[in-house]
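Please find the structures below.
Here come two complexes built around subunit A, the first alongside subunit B, the second alongside subunit C.
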Partner chain A sequence: MNKGLALQIWESLRRVAIGYTLAAVVGIGGGIAIGTNKLLFRACDPFFQILRTIPPLAWLPIALAAFRQVEPSSIFVIFVTAVWPVLINTAVGVQEVPQDYRNVARVLQLPRLQYFWTILLPSAAPYIFTGMRIAVGLSWLAIVAAEMLTGGVGIGFFIWDSYNSSRMSDLIVALIYVGVVGFVLDKAIYYLGKAVVQSDGT
Partner chain B sequence: MTASSTTGVAKPPGAAKDWLQKLGPQVLPPLLLLIFLLFVWEVLCAGDKPRLPPPTAIVKDSWRLISDPFSIAAV
Partner chain C sequence: MELDVGFDGKRENAMAMLNSMDPTLVPTAPPADFLTLTGLTKVYPTPRGPFTVLDGIDLTVAEGEFISIIGHSGCGKSTLLNMVAGFTKPTTGEIRVQSRLVTKPGPDRMVVFQNYSLLPWLTVYDNIDLAVKTVYRDLRKPDRQALVEEHLEMVGLSEAARKKPRQISGGMRQRVAIARALAIRPQVLILDEPFGALDPITREELQDKLLEIWREHRLTVLAITHEIDEAIYLSDRIVMMTNGPAAKIGEIVSVPFPRPRNRQAIAEDPDYYTLRNHLLDFLFHRFALHDED
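Then we have the complex of A and B:
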């Protein structure tokens, strides 16, 4: 391998970014939908509870069969890993909107759209960001494992390749890289959440 | 119990009716969604050579695996 570690990491990060963004959009959208609709929640919840326990790597063969390419399959694995925590946390956050807030909205006769932006979203935001923080950690775990199996590019493949060519020093350097990047990803979502939640509160 | 005996034979007895009324709202929505999803899956993978098998093909192809989890003979 001639590419430097930053380039390997970059390749992995790019896949995580796409899959994770998709998961956040679908997770928050779906979570709001099932959180506000009791019937929809009752219908979907058993499926989520079963699907979320399927390990990320177990999705890889079926993704490869469906997409027949490594790139979309890796992104799908990231998506399917990250979507459940966001989805479930968002649904709970929406369900836990304090009754007082709802009463105030009813007294003021807030329009639906205004209720959504001024009450529902701000009070669900802490839950949403908790889910997104769990999800980013899981995505990073999943991409490294997925790349070990798919090969080609990325930090996961680099680690496996180093092991196969007995380059143990390279392997350890790569592991430290993975750990530090995972830490930075986690903190990035944490501070993003903190900034968004606080700006909503004022 | 007296109420159920007076309303006729067609209606379920009290206990079963209660059980159905309590469990119905919990079981019915996921069940309907499952049927809907299986139908969509069947339609999506209906082509000549689909990338993923539809539910009916899964049941047909893997029936040995589904029907007999404790089989030992590797035939």
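Then we have the complex of A and C:
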């Protein structure tokens, strides 16, 4: 049974990993785009502010309708849950590049690409990692809930299944596992951020 | 009219290099004085109508001259400096370095910022190196390295090359900022209250260091300061600004003391008190601060 639980957790983690990675890539890329472009930011921000308040599970039916499969639907729910904090934090981080650093770039006439790598990204990095840390927590919340509804595999399904079969001890063990994994995910991103940002001296 | 014939080959080379690299400085007028500000005004539009910060600034600076600008806060001296640096555009009037019109920031007018503006994620060495490699793109790596190390040594920071700005003191950071500015061989060095945040001892040390470097490199310096004694000790001429809004140059005084200067000798010179009182009188009687900030 323990092996079963580990496998279920692994299955959930795999989905989170895919959805979360997609969200990080799209969120950082999109955040930089809207953070550097005022017009784009003003155009997109109201939509993002509305979209980000939609609860993760509300996306599930539409995802199921669109993909007609459980796997991509769960990944989509993770993605759509995780993308907003990354996107919004990145955009803010990019906008908050201190004027001092911008002035240094201007007086040296730093080329755009070099500005991006040597000033913009290191300066925004703490914001980006804050967003990523919020996102990983939300992803883990969302996957458990989504799997309860979609069934089949995953820790969410395992919990629901334990309840339906009145296996209370399994249920409690599973909850502890979920908590521990969530904690580890959060710390993993925290230390990743610390390693990257601190090597930058920030 | 004076013609610029006094440059040594090295500076001419450096300038040719800067000319070729900087398309914003378009040669338009015949060479005259080194740095000229003509009829500069700065007016900001506000909801309550236009707000005039600076109202007609004319100033001519010779090559190698050390100019200090003093005035109360809010008198627009930072605006003036920002315009020379190219960060803000004058509403009317123009700024020329030699004969080239200033239209945007460029490494020929390098700024030592008030709060140093070092990039905290780069080491001391890399902060200077970033400036050097951005400005002198064609410089080979060993030459670049030599240039960075030379300037680190000049400000006495060879030991701290691998440290991050947050690991060193404020005075050391300021020296890094000065080294970074000098390493790219600017034609005009712009200092925005460079020693404002430092303790008195460090400040005196750095003033001496700056004068030493200034003498060796024959820099043209434009500095903002709050400190009357600092202005007297450092400058050839002191530009006194009237209070804002619509600030102007109230008066320009020459500092007669011979160089190299000695703090003590200056302090004992009777002219020093005359000059100092004159400056104080300007700032605290004729243009005393009444209500603003």
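Basically, the second predicted complex is superposed on the first by the 198 of 202 C-alpha atoms of A that agree within 3 Å, B and C clash if a C-alpha of one lies under 4 Å from a C-alpha of the other, contacts with A are read in each partner's own complex, and residues count from 1 in each chain.
Everything below uses one rule, namely that a residue touches a chain if its C-beta (ideal position, glycine included) is under 8 Å from a C-beta of that chain, and two chains touch if they have at least 3 such contacts.
This is a predicted model, so every value here is computed, not measured.
J.: With the two structures laid over each other on chain A, which partner does A:T118 touch: subunit B (first), subunit C (second), both, or neither?
T.: The answer is second: A:T118 touches subunit C but not subunit B.
J.: May I ask you to name which of subunit B and subunit C touches more residues of subunit A?
T.: On the superposition, C touches more of the residues of subunit A.
J.: Regarding the shared-chain residue A:Y101, is it in contact with subunit B (first), subunit C (second), both, or neither?
T.: After superposing on A, A:Y101 lies in contact with subunit C but is clear of subunit B.
J.: Once chain A of both complexes is superposed, is A:L110 in touch with subunit B (first), subunit C (second), both, or neither?
T.: second
J.: After superposition on the shared chain, which partner residues are touched by A:G4: those of subunit B (first), subunit C (second), both, or neither?
T.: A:G4: touches no partner chain.
J.: Is A:I62 contacted by the first partner subunit B, the second partner subunit C, both or neither?
T.: first
J.: In their complex, what parts of subunit B are in touch with subunit A?
T.: 25-26, 29-30, 32-34, 37, 51-52
J.: Applying the document's contact rule, which stretches of subunit C touch subunit A when the two form their complex?
T.: 22, 85-87, 104-107, 109-111, 113, 115, 117, 119-123, 130-131, 134-135, 164-166, 184
J.: Which subunit A residues qualify as touching subunit C in the complex?
T.: Subunit A residues touching subunit C: 100-101, 103-104, 106-111, 114, 118-119, 122-123, 200-202.
J.: Could you pull out which subunit A residues touch subunit B in their complex?
T.: 39-40, 42-47, 62, 65-66, 68
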